[in-house]
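After this come two complexes, each holding subunit A, first together with subunit B and then together with subunit C.
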Partner chain A sequence: MYRLPDSRRFKNRVMLLIIIAVSILYVTPLISIIYTAVEKGGTTLVEAGLSFLTDLPPTPLSSGAGGIAPALVGSLLASILAILISTPVAFLMAFYVTEFPRHSLSRVCEVVVRSFSGVPSIVVSMFVYSTVVISMGRQSLLAGSLSLSIVTLPYAYVYFTSAFRSIPESLREAAMSLGMNRAGALIHVYVGVLRGSIVTGLLMSYVRAFGDTAPLLFTMGFLMNAVFAGVLQQSNAIPLNDIRIRAITLRELP
Partner chain B sequence: MSAYIVEVEDLHLRIRGAEILRGVTLRVRRNTIFVLMGPSGSGKSTFLRTLNRLIDFMDGVEVRGSVKVLGQDIYSVNPYDLRRKVVLVSQEPNPFPHMTIYDNVALPARLNKVVKSKQELDDLVRWALEKVMLWDEVKNRLRNYPHTLSGGQRQRLCLARALAAKPEVLLLDEPTANIDPVNTIKIEESLKSLRDEVTVIMVTHMPHQAVRVADHVALLHSGVIVEEGPAVEVFMNPKKEVTNEFLRGAL
Partner chain C sequence: MFFSKSDKLLFYSTLPLIGGVLGILLILSLMVLTQSWPSFQRFGLTLFTTSAWSPSDDPQKEFYGLSAPIISSLYVSALSVLMSVPVSICLTLTMIEILPKHLGAPLRYVTEVMGGLPTVIYGLWGSTTLAPFLRDQVMEPLHTYLGFIPLFSCRPFTGHSILVASMTLAVATIPYVTALLIEGYYLIPSKYREGAYSLGATDYEAYKIMIGILKPYIVAASLLGFSRALGETTIVALTVGNSMRFSICFFDPVHTIPSLIANQFESARLYEYALPALFAGALALLLISLVASYAGIRLMYGWRERIHV
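Entry: the complex of A and B
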């Protein structure tokens, strides 16, 4: 039986140890974050119970831990609204660019998406502030959602473009051969073939929107005294509260 | 009404500057099986896709000459309407994977509004599947998906789907190239029984297949029709040496 030379076995063991050490180093912060969140957050949840999710935040005069209901509802609604705005636009843009790759409008779409993806999300927030918030005269859930939709649009577009390009040419030909126009092929064939990708694209966009902070800084507001005040009124979001807690913590540090 | 359902006159076709078809002229009678044969790369599939303007989806295509289907110049009619009457079945079986066997066959009937009721649709689906000798194999699993079928069954399903559209002309691009001999025979038998319902224009590079199914044949070589005529005449007494070589398998 063939036996590796000792030098190669030694190198193999050394590389294996290095990979294991780097993996541990890589995973440790993640485990630490999860542990801290579960330990501290879990304690609060156990003490407060489900009311932590349904109550308003505590005020200086209130007793008890209070809750994150405005932030939770605000995040959920803002993310849903954001993907309702951005996903259909991204989907149709991706379809158009795939079907008409050489049309000038396709080139415009590519430029627009690349521009959007390169803009820092804080700048998006400032843009929506200067246009929507100032026009409306207040921050709002709608403004926050618009800001999030601009940020998530490029991600959804890239994902859907890739999905459309993965449709086998034979299926396109089958659809066209039966006399379907492009819209018919989209409705009757492509949407069915891509339904898994559509769901994944929606979820990815949703997750992206849910966790993003900067787009909401100047647009969403900071509603504390109600769970939901309306789409055109101020709202709240979980990432904004995280910022606030960190800001408070920093002020309290010596 | 003309006896010819397809009339092609001096058709020249270039794709990105390369000349693929060089002055093709031929006519196809109604309710016949017309086989266009020729070696690989002779332009057969391109010719087929010109008849229903699927070639429009390619870049850099230049077409010159006259192509009439059902008495009308194909460039004077709506291409989607044309493709509903002139349906193509590709070489590669391509049933829609997200639709059941039933829905695959029913889709073109629904889109083209060829039926008025659910019962008529059920009857049409059954008819189409019987025509391709697939009904007995799938009648108890119409709600299954095409991936449960073999390659040959999938190709027959595609043929049934095309028939359900009630086309005037059926274009078949080497329909048995990728399937087993048993299913090949079934498809060839199906084609012979379809003569009364539809005109079939089939492309093949296999002379023995043309011998088995064709009423009328033409040999396309390097973009030119070398010889054409009734199948028996061309096979028994080929006039051109190129035809002879093709039939012997030397091309």
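Entry: the complex of A and C
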């Protein structure tokens, strides 16, 4: 039987080892991130207990660790509001674009929305600032969630179009052969087939909105002395607390 | 295309929705353009050829130049792509080809979890853990022993630098690039793999052929990752050091456009031309990232159509 020359066998071994090593190396940041979070945040969390999640942030005069309630509530509400705006729109757009792929409007829509998934989120924040915030006269939870919904819309759209494309052609044909029109097919067939994907898409957009900071930077405002002041009032978000303080301390380095 | 009248009605009833979304995106671009207009009128092209950030109460004395942040933005993002793409290729191969299914799946979950982490967590990790570690373990020795190379010629100061920013960005964008590459890898027809093995290729040689077929897709994924890295604000603002100058050296702190905006936006309202200048930066950023995403998407679609003949 033909035996591979040693040089090729050796090269194969070495390269495979390198590939696996690089892949495993990539897991170390995750371990380091978890370790850093537990090391730096663990003691505070243990000391403050559950009240960390329900208390107001510490005032300059108080001694306790305080809590993050305003930021937590603000983050949750803003992201829920944002996906309530963006995912239905993204779902319907994905439906039309996959159902009428040849129409010129669908093509424009596809290219424009996909390109805008690369739009820098800070630009969206500036846009919402100069339209919504300026005309309302103050930063608000609503402006923050509008900004988040513009950012999450392309993600939800990309996810839902691939979900619609994954529907087997046979199901589509069966629905049409029963005399359904497209709206009927959407309601009676597609939604049932896609229920798992719909939930996943919602959750993914939610995670995206919850973790994003830049869209909220100029739109959410700042709230420290109450948990929730109203949708049209200033609010707070978990990532904002930190980046504000850091931005001030790190602002001017030599 | 339309099977019936009701389909046609359905399509046209959604025009307001699609038009609305497209309208918002169009208004967004126009808004950035009009907001930045005063700075173009005042400074002209010097806005993009000089580098300065000197606000003043007297509008005549104000002067802004964005060349350093723009070039640094491109530099940091390109570095992060150079770091993330090879790792993503390795991860793709390990998950799909090398590891058995029950080991490949957990690795995939781990990368997906990392893709879902809030960017502020990466930013904090980069600035509190990675920066000191890299400064003591990597930057200092490189500067001491290889300081004659321009890339390592400057003394690391706090650790917050181009290197840390692009590395943190790379860690944060690898899940995204990997997800794209996995999607593309599954699209390659299996005849290529079978052909390679039937000619007696070793595993590594077969992977090399598969990656060769995937090449346009890899370029497309790099472009999309580049545009993602370019617009990333939180991570960069926390790790890049925020200093208004350009440097080719890896250990120097710089400003990227997003970090400049994040740091200066609040105070920019006080000056007449500061806000328009920031919007001009945003416009440049928007144009570059739209072009990169568009090129990436076109390349991806073209490859998908070619591979399925």
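The rule is short, and it goes like this: the second predicted complex is superposed on the first by the 219 of 254 C-alpha atoms of A that agree within 3 Å, B and C clash if a C-alpha of one lies under 4 Å from a C-alpha of the other, contacts with A are read in each partner's own complex, and residues count from 1 in each chain.
Convention: a residue touches a chain if its C-beta (ideal position, glycine included) is under 8 Å from a C-beta of that chain, and two chains touch if they have at least 3 such contacts.
A quick note: this is a predicted structure, and the numbers were derived from the prediction, not measured.
With both structures placed on the common chain, the touch criterion links A:Ser104 to neither subunit B nor subunit C.
More residues of subunit A lie in touch with C than with the remaining chain of the pair subunit B and subunit C. With both structures placed on the common chain, the touch criterion links A:His188 to subunit B but leaves subunit C unconnected. Judged by the touch definition given at the top, the superposed model places A:Ile150 against subunit C, while subunit B stays out of reach.
In the superposed model, A:Pro168 lies in contact with subunit B only, and not with subunit C.
In the superposition on chain A, A:Ser177 contacts subunit B only, with no contact to subunit C. Residue overlap on subunit A between its contacts with subunit B in one complex and with subunit C in the other: 102, 176, 181. Of all residues in subunit A, only 2, 4, 8-9, 11-12, 15-16, 18-20, 22-23, 25-27, 29-30, 32-33, 36-37, 40, 89, 92-93, 96, 100, 102-103, 105, 108-109, 111-124, 126-127, 129-131, 150, 153, 176, 181-183, 204, 207-208, 210-214, 217-218, 238-239, 242-243, 246-247, 250-254 touch subunit C in the complex they form.
Interface of subunit B with subunit A (complex): residues 52, 54, 57, 59, 80-85, 87-90, 92, 94-99, 107-108, 111-112, 158, 161-162, 165. Interface residues of subunit C facing subunit A in the complex, by the touch rule stated above, are 1-4, 6-7, 10-11, 14-15, 17-18, 21-22, 24-25, 27-28, 31-32, 35, 86-87, 90-91, 93-95, 98-99, 107, 110-111, 113-114, 116-125, 127-130, 157-158, 160, 171, 174, 200, 202-205, 207, 224, 227-228, 230-234, 237-238, 241-243, 253, 258, 261-263, 265-266, 278-279, 282, 285-286, 289-290, 292-294, 296-297.
Residue ranges on subunit A touching subunit B, taken from their complex, read 102, 168, 170-171, 173-174, 176-181, 184, 188-189, 192-193, 195.
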